[in-house]
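Below is one structure, written out as structure tokens; comments come after it.
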Amino acid sequence: MELFNKYCFIGCNKSFEESKIVLFGAPFDGTCSYRPGSRFAPNKIRIDSYGLETYSPYLDRDLEDHFVHDAGDIDLTFGNKYAVLDAIKGYADHLLRNGKKPLMIGGEHLVTLPVVSAVYESYQDVVVLHFDAHTDLRGHYMGEELSHATVIKQIWNFLGDGRIYQFGIRSGLKEEFYWAEKEGHTFINKYGYEKLKDIVEKIKNKPVYVTIDLDILDPSIFPGTGTPEPGGISFHDMLNILKTLDGLNIIGADVVELAPDYDPTGVSTAVASKVLRELMLIL
Amino acid sequence: MELFNKYCFIGCNKSFEESKIVLFGAPFDGTCSYRPGSRFAPNKIRIDSYGLETYSPYLDRDLEDHFVHDAGDIDLTFGNKYAVLDAIKGYADHLLRNGKKPLMIGGEHLVTLPVVSAVYESYQDVVVLHFDAHTDLRGHYMGEELSHATVIKQIWNFLGDGRIYQFGIRSGLKEEFYWAEKEGHTFINKYGYEKLKDIVEKIKNKPVYVTIDLDILDPSIFPGTGTPEPGGISFHDMLNILKTLDGLNIIGADVVELAPDYDPTGVSTAVASKVLRELMLIL
Amino acid sequence: MELFNKYCFIGCNKSFEESKIVLFGAPFDGTCSYRPGSRFAPNKIRIDSYGLETYSPYLDRDLEDHFVHDAGDIDLTFGNKYAVLDAIKGYADHLLRNGKKPLMIGGEHLVTLPVVSAVYESYQDVVVLHFDAHTDLRGHYMGEELSHATVIKQIWNFLGDGRIYQFGIRSGLKEEFYWAEKEGHTFINKYGYEKLKDIVEKIKNKPVYVTIDLDILDPSIFPGTGTPEPGGISFHDMLNILKTLDGLNIIGADVVELAPDYDPTGVSTAVASKVLRELMLIL
Amino acid sequence: MELFNKYCFIGCNKSFEESKIVLFGAPFDGTCSYRPGSRFAPNKIRIDSYGLETYSPYLDRDLEDHFVHDAGDIDLTFGNKYAVLDAIKGYADHLLRNGKKPLMIGGEHLVTLPVVSAVYESYQDVVVLHFDAHTDLRGHYMGEELSHATVIKQIWNFLGDGRIYQFGIRSGLKEEFYWAEKEGHTFINKYGYEKLKDIVEKIKNKPVYVTIDLDILDPSIFPGTGTPEPGGISFHDMLNILKTLDGLNIIGADVVELAPDYDPTGVSTAVASKVLRELMLIL
Amino acid sequence: MELFNKYCFIGCNKSFEESKIVLFGAPFDGTCSYRPGSRFAPNKIRIDSYGLETYSPYLDRDLEDHFVHDAGDIDLTFGNKYAVLDAIKGYADHLLRNGKKPLMIGGEHLVTLPVVSAVYESYQDVVVLHFDAHTDLRGHYMGEELSHATVIKQIWNFLGDGRIYQFGIRSGLKEEFYWAEKEGHTFINKYGYEKLKDIVEKIKNKPVYVTIDLDILDPSIFPGTGTPEPGGISFHDMLNILKTLDGLNIIGADVVELAPDYDPTGVSTAVASKVLRELMLIL
Amino acid sequence: MELFNKYCFIGCNKSFEESKIVLFGAPFDGTCSYRPGSRFAPNKIRIDSYGLETYSPYLDRDLEDHFVHDAGDIDLTFGNKYAVLDAIKGYADHLLRNGKKPLMIGGEHLVTLPVVSAVYESYQDVVVLHFDAHTDLRGHYMGEELSHATVIKQIWNFLGDGRIYQFGIRSGLKEEFYWAEKEGHTFINKYGYEKLKDIVEKIKNKPVYVTIDLDILDPSIFPGTGTPEPGGISFHDMLNILKTLDGLNIIGADVVELAPDYDPTGVSTAVASKVLRELMLIL
């Protein structure tokens, strides 16, 4: 007589073996500079996902018909970011070796670094689509090279020019914008995603990694995040982005920077859950 | 020496006898599947309505010039939905017998069933306009036929095809959408209300009942609800909808699914109050 | 490569087979008359239990050394209390048949009824220790016989006089106090638990069921509940109560009426978790 | 067919004519120096009073058996404290002329001044019992003589020495304590109420006015107030105080400084409601 | 060895002498008719401004390159609005005499009156651009002439016709709209700012004072305010407004009506901070 | 014309030179294992300290008569605990070299380590009084030696046996209690502080460092902390502790683990402020 155990994300109760996609949490927020708490995102998303349906009318697809395994969370050491990054890299390697697509729930944005690093070992020509309010292109942040504010720069360090596409960006240092826009090291679509269609066309034969910092969304619909940045895109925009990505060869993805305790209404978690559902359905 | 008693909705202090419209609350949330609390909506709306003006610049009309009686709340038995539905039906009958238009504040969406049922006895050709994020078309929900997730299907059971028009719908089971869209039992305008004008033209000679599940609104502006569903319409859209309905022969209406305790900012209640004011002014 | 899966209550990761105690959730709040939300208690308690240690310095015992299986939650139908009570009764029967001690997390207090009913079938001489702010002795509540306000009376219906001991009671109808105190159908220790020691001595050879409505605690330390009732006992008092029960032949227990969303500080859930830990360690 | 109208405080639905006690609200917080919001207290107390029973087991009395009329709130002008004080004085005069006992819900503490002033005209020998965390004895506050921090000094201005008894006081200027304790203008029982019994004995033949600033309670049980002051009395202490006052000739009373929006758990309002219930039962 | 002192608004650490703009707070909310708390805005904005960058990609300007002095807050007397208005007027006079541009953080909207009054003495031809949800044109409010609901009317009293331009207005009495629109005493652009460009062209040679009541924004993005009024403009609209003002001869400005405690997500304060940053960059 | 600048803790506006005590903040929470956010404590305490009086009736002393300089916060690098500890150590050295007593506001408990380390260089015979709910005696926490859960063990590493006295402890691993109690490396007074008087007598001739983890307090009065642990001491107990310490040769102190965002009532910050005030008055 088995009881109903709601722990996995809704509809993600397939076994590891039969699944193409493996969902896992990386509850780390140790370099967050303003409001911490993204460590609480994975569990909150799983529980609140039961307010969702498994069926998406936008895509006319149902999670029940897909094969996703929710593996739980990586057990991370607070206060040692090197150990944290190693643990995440190790698990991503494990998934890739087993032919699974990693789908990670952050945590803060720094957790993206080890996954892209693992993906890069398997897919040398990987292209990164980065959705965010912030540039994340600092060389260092208060003396540290590994930080949620430097993560994309760290990824550029091994990917190099022409491989990173940034959308929705509306905050950063003058120097970061200069480095990206004037020096051309990354592609930046400021504020919105008007040029996404063109980019998708251009990279359609490449393996693609998608990293979504949910603070790309306007804080009216997503207040529960470390650094709320007014002036973001709407949820409809996010749906459009995901539909535009449909058909790409996405080989991994993540959704980061939900800090659920800062939104007592629960809406931010509902948003994160729905973004995750749509993302799974296009993977 | 009478003190100021703020209990009624602002401007609804006319007597029962002189009023055309009777406002009342149905504080029931017993079948709510996710976050309960819509039972607290009627009282909270009344108190917070004093942050509103009685004058609507949108319609250039003033509640002070209209005749609305706020009758208070129906006293409902928790834990017995049959008794609850009977009590609401009884009060709606009483209003209709006295030539009043019922205007109900929910509670959850199931409370709409007894009012439409009462209205149907007086107006056999009544047409239902349904504004909502959710289809509410299940045959049963976890074994129960009477639920906030089945209410529109229950209404269809006696109204039949061609009488229900649904707007803003963005969540439901694949089967519900199929039943409505493919089999054509109801009319569905997914996500928005583009076809409302045409429908209004088509039904302009019919008696119309309007049921507004406030979760049709995006949770950015209306987070205080049982099942927040990102991707909804804006408050401006809601004003447009109400203006479009102006001129119809509306013989009853309701506003449901505000769960005020989930929104500590109070904005959800302010939204519900303003929707109610505009609705009264077009009744 | 197994990830860390935090879903069960801390330290309760033993298998069903090897465990003497089975923890399960009954997330029902359908007859709650004031503030609903105890349906969210089981999941919240599990997640927040990771803020606890498994070791109790009060008892000098460690959960790691005990055998408790956390079975998850019973899947309940909202809006049909009869089906809910049947499902809980069925699961409690299943546990008792397998020689397990049921340990339930509510939900509202009505969920105690089916468990005591199941226990009674195995232990005809069972005695109930009831810790609560409220009498819960009404014959009916707004016309309903099955309600969180009538649950102890319902239990008395089959147990009869001299079998129910109530502690901490500080709210009820005049009639309820009369029925219990003057007519002597139950034993009531108003406000506190001064007479608990004597009662424990008296019933030490009987099978005992313990039901703890956490609102026995003062709302200063336990605000997250449906009906906060100032003037309750302290957490130290609760620890004393549990130590006093140590040694009794407790054959089942429950902890009910945490409504976690009403306490944004999370303290109420921390309290519930610690009460559960101590309770497990004396079972 | 009358609906249930919950607006009055529970059990206070007797008519003005038949009632001995008249409850009314004075929703003013205009001189509050720290956190405003006590203006929202009267309405919140009324609504949440329905979480209470009308029966007090402490006193073995039931509000249903008493005659209290809830008159609603005085309509006050924000931003003009002189007009506010006049309006309150006028209403208190009206009650006293009609032989009623005024029972006021604040609002901030300044609202006590006009009621005591009205009472003083009828009862020249009135004695004031003042329960509070703060001395409220300043001559002026930031240049203003009429303030929540000066109210007891203002009352002393017409009552004079030997007429004011203060309990629970734990915060104030050094000068205020000196003026009261060393110069002896008022009687101060610091921190607690050990000497209340003696005082009650001493004043038992006098008309007594009782003013309760709820911040006398520890903020653990009463956080929702303008200036939370740790180190206060418990709710049990408050019950003891009220029982000690039973039998005095209390000719008016008030309960002030609940700022409900600062306590999202609702416990502060539950506390205020229960204090009011007990207070009514000893009046 | 100086520690980092975060008190001033980010990037506003220039000295009084070298600065052209002086930022100061006026923490007064004494005439607020609905939800008080704007007194807490200045400090909260300063602290949360550290979640912002000093660089604006919208304007491609950096606060570090500008000269703004953050002077702290005016010390105001609660409960005496005349003294408050005098103190603000005095400080604004001081700034103008020293050739500084005043930039004030409210507080409620009444604090705008003394600053415009001071500005008017130096710039007889000053034009006021007023961004708000509310008309603020009442002759009196509950008998009082000086109130947040009358402030623009009070300014009109000395400026007269043709000098005040109002944008975003969506709430007021019928009489106020009539007085402004029909009688033409002010210019009103209801709901939005479509005509702002024309007005800017028209007044480009005049000294301009800009007063921004942040409740012009939709409460989805700005819930933390005294009277949330659904149907407002978006943050993108606000950025457009500020860009449109760039180039005008703005000789003073203010940002009022943030009540931060009503928004536990902190987003309202983030919005206010970003509006202030952009405003400084166009001054 | 200087404005009122409220940034320092109330009454701590003396210059560095004239002060004996220097107050500073260490806003670090990077190793917090459960709920982060103590980084926000120093600023919140300063602002909310204005709800306090400078005069303590408990001690009959006034902060205005003492010489305390509030130096602001140390600017710390997130994500690098080694750099953080170095910076704090450096500042504590600077204070000690200048003959000042360091008084630190945390941050998490790990920040105590560098200050005690600095103090130890000046006072080889320093004794540490440790008030806390948790042992903090782990050798490592999830592989890390520097953590809020290991801090007292780290201090023991250089102080050795017989130098650390722990009070209020009610949570830890079995091994920690064994190490302290059975092996006797530290002195532990579990749950309370009954033996404090004896210890004070014993160490009265030694230099003493006092570290107060505010979670020693019961979460009823102090919910805003990383790991709320029910069963703590009351605020009255805390006052007694501080009075008992009066007269000791305290050469430094800290108050840590306030996480203000977890307590929307603000009471936790009020408690921290009052503890700080009393602590200053006995230093």
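Some observations on this one:
A, B, C, D, E and F label the chains in the order they appear, each numbered from 1.
By our rule, a residue touches a chain if its C-beta (ideal position, glycine included) is under 8 Å from a C-beta of that chain, and two chains touch if they have at least 3 such contacts.
A quick note: this is a predicted structure, and the numbers were derived from the prediction, not measured.
Path length between chain A and chain D in the touching-chain graph (shortest route): 2. Shared contacts of chain B and chain D, meaning chains that touch the two of them, come down to C, E.
When the C-beta contacts at E-F and at D-F are tallied, the pair with the greater total is D-F. For the touching copies chain C and chain F, the fraction of interface residue numbers used by both falls below half; the interface is of the different-residue type.
By residue number, the contact pairs of A-E overlap by more than half with those of exactly one pair in A-B, B-D or E-F, and this pair is A-B. Note on chain placement: the centre of chain B and the centre of chain E lie 38 Å apart, centres being C-alpha means.
Separating the centre of chain B from that of chain F, both taken as means of CA atoms, is a distance of 55 Å.
Among all residues of chain B, those that touch two or more other chains are 35, 218, 220-221, 262, 264.
Chain-to-chain contact here is organised irregularly, matching neither a line nor a ring nor a star, and falling short of all pairs touching.
Interface note: chains touch in the pairs A-B, A-C, A-E, A-F, B-C, B-D, B-E, C-D, C-F, D-E, D-F, E-F. Against chain E, the residues of chain A that register as touching in their complex are 34-35, 169-174, 177, 190, 218-221, 223-224, 227-231, 262-264. The part of chain E that touches chain D in the complex is made up of residues 29-33, 35-37, 39, 77-81, 83, 141-144, 146-147, 261-262. Against chain E, in their complex, chain B makes its touches with residues 50-53, 55, 57-58, 60, 62, 218, 220-221, 235-236, 239, 264-267, 270-271, 274. The part of chain D that touches chain B in the complex is made up of residues 1, 3-7, 24, 43, 47, 71-75, 91, 94, 264.
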